[in-house]
Amino acid sequence: MSEEQQALIRRLRSIEGHVRGVERMVEEGQYCIDIIHQTQAIKRALDKLEHELLSNHLASCVTTAMRSEDVNERERVIGELLEVFDAKNKI
Amino acid sequence: MSEEQQALIRRLRSIEGHVRGVERMVEEGQYCIDIIHQTQAIKRALDKLEHELLSNHLASCVTTAMRSEDVNERERVIGELLEVFDAKNKI
Amino acid sequence: MSEEQQALIRRLRSIEGHVRGVERMVEEGQYCIDIIHQTQAIKRALDKLEHELLSNHLASCVTTAMRSEDVNERERVIGELLEVFDAKNKI
Amino acid sequence: MSEEQQALIRRLRSIEGHVRGVERMVEEGQYCIDIIHQTQAIKRALDKLEHELLSNHLASCVTTAMRSEDVNERERVIGELLEVFDAKNKI
């Protein structure tokens, strides 16, 4: 695996551990608001992971597609970026 | 554990499995955009979990606090709700 | 009008002026990314306005409903709060 | 003005009218939750406007920059896209 992949795996393992921590909080009957704070923190960790994924994607696949002479390919990567952006906005 | 707790645990186990699925996608070098779609799906699953947590919280702790004569306690639960709301908005 | 209403109106007038500013930017053909930064700033101003509206709502209508003996009324305000929360999450 | 600019201006005028509608709701002392529903609708209209702006941006400025031989220019547009994406996530 590349260094980038290993860094992503480390982030994902940490998120997985965070989810298991929330399972324990629920089992122990901890305070709802404290649990919600943790699920919000997990979503922020996923946001940071998506930043890394998108950063790699723009520097590799998008740059290659944009520099090709294949107009369909260029439109495809643009469409995918807009879709990811809309999912944030959940338009 | 109560039925509510068991339902939350089931949701969390499913989220945990989803995160492990994303780890495999990264290891296998799958397409960035497909991986981002999965992390966005995990965030939506966390949103639904927070809905359940908040619903339980409003029907139990918030209702009890609001019906008590303790003004500080009422202000405390209101402050917590605003804080959860702001984290969504990330004000 | 109450002081609270006047404060909300001031915020809304400022947001309205901000939107007109973005219209000018579009007319002048300014850079897309600079325009997007402004629309994102307007959404943050709306987030803060919603915080004020929700804060007033929790301290008045919600507190009154929760302290009433009318169970339907209590369930109604809880349902409305969850709906506002879900719109954030756009579940 | 181009047709694209005119379409954006129409959307912005409609948003401006929507904000003025919310001002009237506040003046008339309408129900908080009804007002919040309107501010959430305004944010969704801004999300759609940003989609249009970003779509134009990707098809014009980003494509041009990506196809140029200027590596700094390519890195600049990638950095801007990540920044817009992060503002959604508010990382």
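Labels for the chains are A, B, C and D, by order of writing; each one numbers its residues from 1.
Note that in this section a contact is a pair of C-beta atoms (placed from the backbone, for glycine too) under 8 Å apart; a residue touches a chain by one contact, two chains touch by 3 or more.
The shown structure was predicted, so the numbers you read here are calculated from the model rather than taken from an experiment.
K.L.:
When every step has to jump to a touching chain, what is the lowest number of steps that links subunit B to subunit D?
P.N.:
Steps on the shortest route: 2.
K.L.:
Between subunit A and subunit B, what is the gap in Å from one C-alpha centre to the other?
P.N.:
Centre separation, subunit A to subunit B: 17 Å.
K.L.:
Distance between subunit A and subunit D based on Cα centroids, please, to the nearest Å.
P.N.:
Measuring from centre to centre gives 22 Å for this pair.
K.L.:
Averaging only over C-alpha atoms, locate the centres of subunit A and subunit C and give their separation in whole Å.
P.N.:
Taking the average C-alpha coordinate of subunit A and of subunit C, the gap between them is 28 Å.
K.L.:
At least two other chains touched by the same residue of subunit A: list those residues.
P.N.:
Residues 47, 50, 54, 84, 88, 90.
K.L.:
Mind listing each pair of touching chains for me?
P.N.:
So the chains that touch one another pair up as A-B, A-D, B-C, C-D.
K.L.:
Which stretch or stretches of subunit A touch subunit D in the complex?
P.N.:
Interface residues on the subunit A side: 44, 47-48, 50-51, 54-55, 58-59, 62-63, 66-67, 74, 78, 81-82, 84-86, 88-91.
K.L.:
Show which residues of subunit B lie in contact with subunit A when the two form their complex.
P.N.:
It is residues 1, 5, 8-9, 12-13, 15-16, 19-20, 22-23, 26-27, 29, 31-33, 35-37, 39-40, 42-43, 46-47, 49-50, 53-54, 56-57, 60-61, 80, 83-84, 87 of subunit B that touch subunit A.
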